[in-house]
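Next, two complexes with chain A in common: one pairs it with chain B, the other with chain C.
Moving on, here comes the complex of A and B:
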């Protein structure tokens, strides 16, 4: 068992990378000097407020806006009947239907709370008041408002995964279990709500908007308005949480930019907390049935999985409930299908560990159910069915230290002291239960570009369009550059979140850290080489007589490797050369990539390499050991202890990685016990669309969480050996809690969240 | 939210006079009023802030009981040593309510006057029908999401639960509400919805709560507030009970018992039947468990909230047994 602590791994880790440096942006955030998008001081600003539909399905027949327009300060009311010259943008993968006009406020109403108009006024209050006076007339059509009304759905054939003969193996298995698991709609509720300020200067568009992907969003705005990519600038230095919800530009961004262009004034549009439940999609509600067949001693013979998720009536979003199922265990007969059920909702979106999360909930509960059916320990059944390679792709794992995670976690947690029978551990009227849940997330890779700038005083600037939404990019980028250059971290200033900077992929799918550090490392190494070359060859070089043909840079000083070497600081070298700055830009794209292809790599997902793109199958892994205390009379569940062990490869900064994993685990507690979008089936309204009623964990709900790291550098996964950290933390938490609740109470709750009425 | 004027009262009578006018509302901590204004439920033309009036935030505890100034902050009462010693249930009802930030801001009179958390009541844009907001318009909650609605004291017109915690503890210990005009026993202060769910308390326009007086009692001294909810903190009660217990000198026979319920009824709810059934009885688990069932006599579920009918007797039982040292 290895506790996360400063460790040295691999070649670049002999300095700051790998150390527990605190977040470099932390102080600014805590003291309030970090400026978020909507706080930008922009002159001459006007305000937009959205008007939302009050029906779930139908069309806008007419909009009566006279009363709104008559209010003082009102500048414009945008309605569906006003068509502007905008074009539909390409999707994430770069597919674009040409010449289709884009209507950010369509007349077709597909869900309750869809924006059908927007009011722009001099002040926010004027816009808000006027928005209330906009009268929308609808023609209503029947709606399907909740997944249960939507029938069995349609199977998405390409998502089907089959090998062996699952049905036959299931039919002849000694022991079988079959169960249905359900998850409700869940929401990101980042503490910084969405919104933007849009401003035009001629045909240049500047957008201050929280963004997980400045390049992708800039591309979308450029396509909407048919202007060159270079004409759009997305500025997003600080983000108050995204969890997947800030990866794209949404209709309201188009509304604000459109209004700004029409009025020739900057427009601010704030999406309110309650609008945030329909302005973009949360996690789709899902259901899945799992049938497991095993031999009498608990060796899996068959896994049959049938899952479905809700999507909207106008677009398909797959929350792949079979995403983790095929890779968790060794099994020779497997079948999985995923369907879609159309519901009148905003199209669901990616929320922390999309697919893997509900998928792990299903398989990890099912394997637990099987362990009881067979009569062996939940830890033992996982070890007995350990997958020594990826059964789905047939490829070897690059690294899979899930066994180590299970053993280390069990040891630390004291799993061997568990008494096997449900309801056998108690403290007065409190039932105690222990559960395990494993998690995984695929290693997605993409290229990055990075700019290193050595300034005249020897300090270093690193620039990237990549972003930091709290996950620690600023810090690990500084650590990477400092190490590769041979300077201390405090000499490095990192500038992120500006689409005019060197390109980077989305901060999503846990792919940014591995990608951006690769490019920064490469650029910084090149900058070091250049500095060394300049130092050797400068006219008055102190090294010209030393006979050295290379130099080292340590702690900002350039010297030979000899003890008695002369030395000079980088700043002194710059002064000697009379240089203001030295810029080095490097990307990790394949040699010879064209400009156009490069642009695609950063603005689309089409260049993302999946976990099995190469010879290996590459994933992050985790195992959660969770104790719950359930009040026998009240059914209230409190999580009292968590030990989670992960294999995320090399950790660039264990403190920040630990903190990300912990954040995911806390979100998992919410998912298991509290979070649920409650929809009024009569009209499709999410009735708990606020933070008073949509419950997320408070500090009091979070027990001590111990994080163990069992990973080793995986150079198949990334340049510097790390695998993804951001998403895997949440995966497996909900099943671990559900399994612990079963162990405590003997009740199997198969629909999340596990609220008290399900246990009394 | 509609724009409104803000003004400060110069005296109680000034506040009283001005708030007799339609559209003029009293404001204390503002945590509930501003919230409802943002939801579009309350649309004042003017608010009159009374928090600068002196002398209304005293907390006094004597042998006879406690007098709590109407403007005492929730946090001040929750942390008051005398209240914690003599009225533990009252202190706990406050410290388990809302969040620390809200408790620092909110007053106890404002707390009593807070309105239901019925999601339909709070969402006039989406759900125009609400008898409490608009008499005669109907009740959107019926047939909707009703997990937090009341099972006791409901009517065909309204099933909204009273969400506050403090009033429940005050009801158990027979507090009196002092206003600018009169003294009102708390048991009469709150009105069940009946056919007029828009009428929630006995307060008349311009009438202002000045203090809350709670008589001392052995039961109050030995009391507890038990609040059950999914989230450990910062959530309204799924069910709560304020209970006070006094035993005879034999240490086992119940001399006095007070039981009031929160989160399950349209008003703070006194479970008198439970009290009557147990006073004079020997305290033991079986008896208490049996008698606690009387707490939900007459309860009616509306869909999602049926669990409350099972939950309430368990909460009452646990609270009594805890006080009696049996849990």
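Moving on, here comes the complex of A and C:
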């Protein structure tokens, strides 16, 4: 690995990597000219609307579509009895069951809100109103609708983590606590609903769909329709929020593409806001029991963790409630198991910091409970049990500035002014509480490919299939290329979100930024070397008599390192050479990777390296300090102050990274106080399937949030030293709030969200 | 239900002639017929604020407004608030400077809401801005910087 010191440091807005450059795609977003998937102008478009099941379990016996078909403009009603020639696609890891037909609208119903029909019409209004007239007849079978009906579940053995003798150490510990923590179903609800436009030209399929992973989704469509990967093009330059929900192609994409093929017209399918609660999975509900044993002075002796999450009746999804538990604290005796409980729900999915999020809720509340049982400060107990290495893998941390985060956060928050006893801080009838919660997310890595194109005027294009859903990819890619090439950032144009471009991994698991900047850096360096070689060797080169054997490029001008050097702009060099463009493509795959393996790396997860794949254990870290104010009479909780300190390694653009971290924290406020998918136990219906009833934080719910960065470049984590930012922000927020509520009120609420009826 | 009504809508200072069924919302007319896609559909049921436009200067949810209701009104969308020379509206400029958005999907609604919020005189303090901007959800969580941007634009307008 070649490491190049960043040219500049600091927080200037000069555009170099590490500076607080404003979002380069910002102007398009604030003027309304950023075009999202469903806004693509496509000729001859027709509209599809889904019909969802009203039972939780059973099968569709018949569909009465006559009334719908009779409406003007209706072109087609798709139902389970219509069979299409599609095949099941491989999963994220590349496993595929061969020759199994894929049924996007199956007759078998596994959950309330499963799509059972689709209406396609000339206009949206025609399709919407016709969809209401589709009558579905079912044969209903008994369902398990909520996690508590599902029994104790099945333990997933590979997720078991054990070392030492946890039970024995727990049994002999001076002080023990035991508690169960629960989280409900939670939903991504990006403000841009899901949907797509599908269009065929012969056997070429073009899909405009918000995508966190254009290569992975193109692979799924190709496998469904049994056409070559190259025949599918996913176009997704702007994504209106994803949070994990837009990483894969779902059944409705197949429905739209099928309809488009049948009708030989482009089809737009917009999943409605309410349909989105069951068209793909949110975060599974979880429950976990933690037993902690400690010495009288608060040194952990044992951690015993037993967790479970709901999954669907037809697929397994693990929301690993033990994901953070083993790495947060120093402990010599540890035991964790994870189970699955089958419920009639859509298969849950990855929502911001999957696993780590509910896991940290458990362990960070439990450690807080232990601090009161021991009688020491919640900050002190975390420092006293600080893990100097990864006790799970036995490996050293690459970088772990969690202690620095705790100390810097405490200092900034004024933690030392905290009065220890619950209910001891108040402002009139308002109880005040302060709480801490720590967070972590593993550093996942994968390779990327990147294309750098130097144009005749000396400007630069960077192309990648990677995406920007608001994390700032456009901006940090431009900054990376500008730095490595020696041009100013306003000379760099970045094109993202097109599956025909150079490959990139999913924008998920906080892995895209580290991956894509590595490839862009490598390609840009190679382009720079090529420019310098051309400048030295060109006929009539002004440098031929300079005696220099290498050149530098600064601010777009090529010169020697001498003060009196002649110089020329990149555009002048291109003109001198008569070149229209110069293209350089580089990837960060291992040398000698075959074309087939390369394809796998970008279309599957099988090449993703986990945090302990090498000799170190690599993670992002955070510590949240949160103040809540609780109305003593009404039990209403307001978050009034947050200071959060993070170790995310080097921040490529602190302005954008802070925004992303705040976004995670705000989603954590929602998780702690507002968000809960309410399921009608009689039929499995998500009753609050809209933004008026499934509450997410509004502006008035959110106090000023101060972000501190205590990280330093971690070159084990990525080529340019950054660790992940997107996921870690939310991790630890809910326990910090729960701990603050306990401090304010003396009431320990162990099931999220903390709503007023649980406090009065 | 399927007969269309000829309609002229005054959008961003220009007349737009179209033919819509009575059941077509202003939001869908803007997005599907006029290709004014800067106005966003976030929920289609009046809960998220992404479709906010100004009708005669007041903020209105275009998903809960029928296109035919808007005839004879002055409609302003995100495409219409920058200067003709491309100069950003002070609220737009403040949003960019403060990084008051991430994915950008709620942003046009936030900006139009902010323009009205300032004009209404509801941007006197951070607490007031937070309250009067709470009809516009931002799932990326840009609320801190939205408040900063609205405050700056409000101060500049005084």
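Descriptive notes on the structure:
Everything below uses one rule, namely that the second predicted complex is superposed on the first by the 745 of 760 C-alpha atoms of A that agree within 3 Å, B and C clash if a C-alpha of one lies under 4 Å from a C-alpha of the other, contacts with A are read in each partner's own complex, and residues count from 1 in each chain.
Here, a residue touches a chain if its C-beta (ideal position, glycine included) is under 8 Å from a C-beta of that chain, and two chains touch if they have at least 3 such contacts.
Remember, predicted model here, so these are calculated numbers, not experimental data.
By the touch criterion defined above, A:638 lies against chain B but remains apart from chain C after alignment on the C-alpha atoms of chain A.
When the shared chain is aligned, chain B comes close enough to touch A:755, but chain C does not. Looking at the shared chain after the overlay, A:131 reaches neither chain B nor chain C. For chain A, the partner with contacts to more residues, out of chain B and chain C, is C. In the superposition on chain A, contact of A:698 is made with both chain B and chain C.
In the superposed model, A:72 lies in contact with chain C only, and not with chain B.
Judged by the touch definition given at the top, the superposed model places A:674 against chain B, while chain C stays out of reach. Contacts of A:665 after superposition on the shared chain: chain C is touched, whereas chain B is not.
Touch criterion met: A:34 reaches chain C, while chain B stays clear of it. In the superposed model, A:147 makes contact with neither chain B nor chain C. Shared contact residues on chain A (touching chain B in one structure, chain C in the other): 125, 129, 692, 697-701. On the side of chain B, the complex with chain A involves touching residues 1-3, 40, 117, 119-120, 123, 125-127, 143-145, 147, 228-235, 238, 307, 310-311, 314-315, 317-318, 327. Across the complex, chain A meets chain B through its residues 54, 112, 125, 128-129, 132, 428-429, 631, 633-636, 638, 673-674, 678-680, 682-683, 685, 687-688, 692-693, 695, 697-701, 753, 755-757, 760.
Taken in their complex, chain C has these residues touching chain A: 1-2, 21, 23-24, 28, 31-32, 35-45, 47-48, 50, 77-79, 82, 88, 92, 95-97, 99, 101-108, 111, 126, 129-131, 133-147. Residues 22-23, 25-36, 38-39, 41, 72-73, 123-126, 129, 188-193, 238-243, 270, 272-274, 469-472, 655-656, 658-660, 662-667, 690-692, 696-702, 704-705 of chain A are the ones that touch chain C when the two sit in their complex.
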